[in-house]
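Each structure below is given as structure tokens.
In the two complexes that follow, chain A is the common piece, with chain B as its partner first and chain C second.
Showing the complex of A and B:
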């Protein structure tokens, strides 16, 4: 029984060996590798875009939160009064401009302002890095 | 020097070695191309499907279980890509003997298990007729016959590639062979000599 099966297999193998040969195109390997490389780039770009979207949402949320805190602290500080004074009483600016400037700067709510500024800086920096990676990853025609 | 196995190349690629992927593609491109070309019977389609298959393989490389063999896994992806491609086009019939519902009337009526006549095997011009006849077989039989007799897979591997049981693979092989034999013997180019 096994011998019969073996003979049949050999016969069929022999028959199939008579099929006309097929030549694989020479540049098919290059084209396939190129296509996969492009897919890898697209995939990396998609990941970068997803990361950028998440960063944008986080930055926007952070800006809203800390921006509101900064605005509130700014309103509660003496900063608006000093600025109003500087614009309404020009004589004071002329007389003691340096002290007024120091007063204005001291009245600024430092920490509350630094946080939103740091968020803006970090966000813009990550956009710069991601855009840079996009530019470097050139898709090629396969 | 001992050659790196396919499975080791997959592991190397996962660790970031891009070159391993290229070696792996280079190793299988020819085999897969010939397999797809025999399955579809069309050069242009075959090239598209091969590229599609390798892109799919690359996408799924992280899911590949490196304890299993890469070759049947790759052939399975290629076979699925080919079937999807043919289904999408549908202008290429799955078989000349299939009715509108996809049933095959001829295959069910074949029971002839007699060996292939020697005259048939010795015919010099059998190649082209055989290729055309294989192209007219239902795809389920065509793929099993090609995998078994052209690519040398065992039935267990064919079952894995075609996602069926070993018995189904064997039964498809038997029916496909019977159908091929009948079709070859009725081929007008060969008929006169056997």
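Showing the complex of A and C:
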């Protein structure tokens, strides 16, 4: 087995010794480094994209769930009715503005609204960070 | 000689990023404290009214509901269903000459006092208190009267078909 390998090696050496010598391309190192760098950037971008997709799915699921709860609580509290009243009855704003304002604040379902808003904020902040790391301009022609 | 130097130092300090950060933190703290205090004040009013409502439930609401047998026990005092006394939305389930009983969307009854100063509107039209019929949906704005009731200053009747019903083509 070893003899066979040795023979093949010798034959290769003989073949190369008969061929004219080839000069190594001047920018071989630069191109190799460039290609490796491009591949690293593409790989990092694929990871960021996968992370962004997972986050999008999670955020959408969270928004569907907590958004529905917020919409239900808004309806039950009557908050939209008081806001509508404030915009359609200028006289009530002048006459009982304080009561209307306190009524609007009392009916605001704060906790139910905070969760979907926090989800939106966290998602947008993640998108900002991930897109910031997304390196499209780093890709160069090799 | 000293004064221009001092002024220059102050100018540099004021223009610096550290000074801007301090201002931002101070502004955010003031805003957060204001919002917090506002929340505490509103929560206090709401809880106080819920307590009064619970305390006077049997006097102010039960007598109106007993004849029809349409009554439910008062819910726990403190909780997410704590009632606000300044604004109410619900259906009228009982009434007498000076008050109406509303059932809100969370199935809680509330007594609303009507007097001569109460403005009652059906859409944009001002109507008399006789128009407040059982089954009507209303939005009420008023002040808690300390007996678990709301002294109304404004009531809007919300018609079932809306304020601008579509015209039926001939």
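Rule of thumb we're sticking to: the second predicted complex is superposed on the first by the 106 of 142 C-alpha atoms of A that agree within 3 Å, B and C clash if a C-alpha of one lies under 4 Å from a C-alpha of the other, contacts with A are read in each partner's own complex, and residues count from 1 in each chain.
Going forward, a residue touches a chain if its C-beta (ideal position, glycine included) is under 8 Å from a C-beta of that chain, and two chains touch if they have at least 3 such contacts.
These figures come from a predicted structure and were not determined experimentally.
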Which superposed partner A:36 touches (first chain B, second chain C, both, neither): first
First (chain B), second (chain C), both or neither touched by A:125: neither
Touched partner set for A:27, first chain B, second chain C, both or neither: neither
First (chain B), second (chain C), both or neither touched by A:106: second
Chain B versus chain C as contact partner of A:14, first or second or both or neither: first
Touched partner set for A:6, first chain B, second chain C, both or neither: neither
Which superposed partner A:96 touches (first chain B, second chain C, both, neither): second
Chain C-contacting residues of chain A that also contact chain B: none
Chain B residues within the chain A interface of the complex: 21-22, 25-26, 29-30, 33-34, 37-38, 47, 50-51, 54-55, 58-59, 115-116, 120-121, 126-128, 130-131, 134, 145-146, 148-150, 152, 177
Residue ranges of chain A in contact with chain B within the complex: 7-9, 11-16, 18-20, 22, 24-25, 28-29, 31-33, 35-36, 39-40
Chain C partner contacts - residues on chain A that touch it in the complex: 75-78, 81-82, 85, 89, 91-92, 95-96, 99-100, 102-107, 110
Of all residues in chain C, those that touch chain A in their complex: 38-39, 42, 45-46, 84-90, 104-106, 119, 121, 139, 141-143, 153-154, 156, 158
